[in-house]
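Naming follows writing order (A, B, C and D), and every chain is counted from residue 1.
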Amino acid sequence: MTSPAQQDAPFEDWHETLLRVRYSETDKMGIVYYANYLVWFEIGRAEYCRARGFSYLDMEQNDDAFLVVAESYCRYKAPAFYDDELLVRTHITELRRRSLRFGYEIVRVANGQIVAEGETGHVVTDSNGRVRSFPEGYAQRLTAPPIVKTTPTTGNEVPSQEGPA
Amino acid sequence: MTSPAQQDAPFEDWHETLLRVRYSETDKMGIVYYANYLVWFEIGRAEYCRARGFSYLDMEQNDDAFLVVAESYCRYKAPAFYDDELLVRTHITELRRRSLRFGYEIVRVANGQIVAEGETGHVVTDSNGRVRSFPEGYAQRLTAPPIVKTTPTTGNEVPSQEGPA
Amino acid sequence: MTSPAQQDAPFEDWHETLLRVRYSETDKMGIVYYANYLVWFEIGRAEYCRARGFSYLDMEQNDDAFLVVAESYCRYKAPAFYDDELLVRTHITELRRRSLRFGYEIVRVANGQIVAEGETGHVVTDSNGRVRSFPEGYAQRLTAPPIVKTTPTTGNEVPSQEGPA
Amino acid sequence: MTSPAQQDAPFEDWHETLLRVRYSETDKMGIVYYANYLVWFEIGRAEYCRARGFSYLDMEQNDDAFLVVAESYCRYKAPAFYDDELLVRTHITELRRRSLRFGYEIVRVANGQIVAEGETGHVVTDSNGRVRSFPEGYAQRLTAPPIVKTTPTTGNEVPSQEGPA
């Protein structure tokens, strides 16, 4: 028998991926435009899946299941700037037969500051937009611990530790 | 003395502006990518101001006041598609000395369907990012009824009613 | 018999559509980010078609023909700013059996300044990405003069001439 | 004395950075929207600089020099798809006192296919948009070989070679 604690445990697994703020993501205030945080949430979701051994693309292409966004929420706590390295932290906050919620934190690497927090709610549909349940196996994979070891990497170049060649 | 009813009355004023979905706003699901609704909310805010006789740009350029986004929320109720004409409905849901909240509805013109609803919370800052109160006069303008008559127009061409020339 | 002059004449038809610069389109330099001009070119193409009585969407949905972009060029002559009203001028510069080129000018309405010029080259494909020729009738429609009278409209609200209500 | 060959040699240095296609970068054709290649070119430029020991941001912030885009060109040779890993190859094709040109290739990692090639031309300006020459030292840095060893990394997670933990 599964105790509630065991069932909830995987939800504690935050996944972390790094990205670097692009020039195109800034606006005339000199900071990141607010809609771009939702783009980063999407990257967080994709990498959360990849760390569990599957690509979100597989789910669409091989299993006719799409995670349509039903809700998004973001709280902007501090501005993010061009060229900032940001850690996107992602976890699952709710998993049901036909729906799913992710929670996120965006952290500035340079100072550990949380620049934003958010949440997205998703419904599983087929390619015709009809609500369906998760395909076989996905609920387990999504709540399992990461099965491949991943190295958080910045969106782009990471100067090696060794310094000048 | 102002009664609560009078004070609240302007908040009932929804402003409506039309736009047309761009190809760039769609994604591989064939529908509008979820972050773009926040871009449309921003257009709703800008046009809400313009209908009240000022450009949001004036507020930034002439009065050193920026409406920094502190929170965003969107509920996606139906997909929006390329080339759809959408009505962005915007109103103020809360106005304080140093902050402001807008509420939104996105309606598909072709069938009157509400495709999304949302809300954004803003803090007033100066160009250095310090919280400040609204500059003189803006609270009144924001809650006043529209002072210029506006014609909702689509994002781009509207074929005239008269048909072929 | 059609003389070369007659055949070329329609190509002289520039189509004009108005849009207003969005906050999301600016970057930290305080001007429009350079990739967004290509988004505006796409709007120019779509409205060029609409003025000739069809939606580019019809071509995709009803006639299985997609205008895949093969080339893009843009010369940036002056910066565009938030809230600027811009006229996107579009015409066809070359039309072949399986390909098409559009030319563009982006003009700032306030001062008539040309802020950018560009060109895009397209190949006609089916939904599987295979090159095909234009579906029946499209070559004629594309080079015909506009068949619906259109009113250039700004991206969003245009305060009416009549002034305050 | 510097021979022409020596002067030109650094221009042969292509810099390579990896990124992964985002869902937001696709459109309803199921492929990457054409304007996004220009965003990737910008990442290529930024990482080209970083590999030579400086951030493009330093140039803006510390030396009041901005690389304003004057021209962009892109040839789209094959579609790029969601989740593709792409190598952005960047080099300098021309360097003058007040201007600079970069050339680019975008390569799909999975099959080595060149999906796009492009070029951008830039003018150096100060923060007021006035043309100026490169600040002291930048011409040398830009044409020098990379001074930090960099490891190309994907836009996001790279599963480690070691496989499951």
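Note that a contact is a pair of C-beta atoms (placed from the backbone, for glycine too) under 8 Å apart; a residue touches a chain by one contact, two chains touch by 3 or more.
None of the values given here were measured: they were computed from a predicted structure.
Chemist: If you tally the C-beta contacts, which comes out ahead, A-D or B-D?
Modeler: By number of C-beta pairs in contact, A-D is the larger.
Chemist: Hey, what angle do you get rotating chain A onto chain B on C-alpha, to the nearest 5 degrees?
Modeler: Angle of rotation between the two copies: 180 degrees.
Chemist: Could you work out how far the Cα centre of chain A sits from that of chain D, in whole Å?
Modeler: Roughly 26 Å, centre to centre.
Chemist: Which integer distance in Å separates the CA centroid of chain B from that of chain D?
Modeler: Comparing mean C-alpha positions, chain D is 36 Å from chain B.
Chemist: Could you list which residues of chain B touch at least two other chains?
Modeler: 23-24, 35, 39, 42, 82
Chemist: Once you draw an edge for every pair of touching chains, what topology comes out, line, ring, star, complete or other?
Modeler: If you draw each chain as a dot and join those that touch, every dot ends up joined to every other.
Chemist: What part of chain D is in contact with chain C in the complex they form?
Modeler: Residues 29, 34-36, 38-39, 42, 66, 68-76, 79, 129 of chain D touch chain C in their complex.
Chemist: Using the touch definition up top, name the residues of chain A that touch chain D in the complex.
Modeler: 17-19, 22-24, 39, 42-43, 46-47, 50-51, 53, 55-57, 82-83, 146-160, 162-165
Chemist: Any idea which chain C residues touch chain A in the complex?
Modeler: 23-24, 26-28, 30-31, 33, 35, 82
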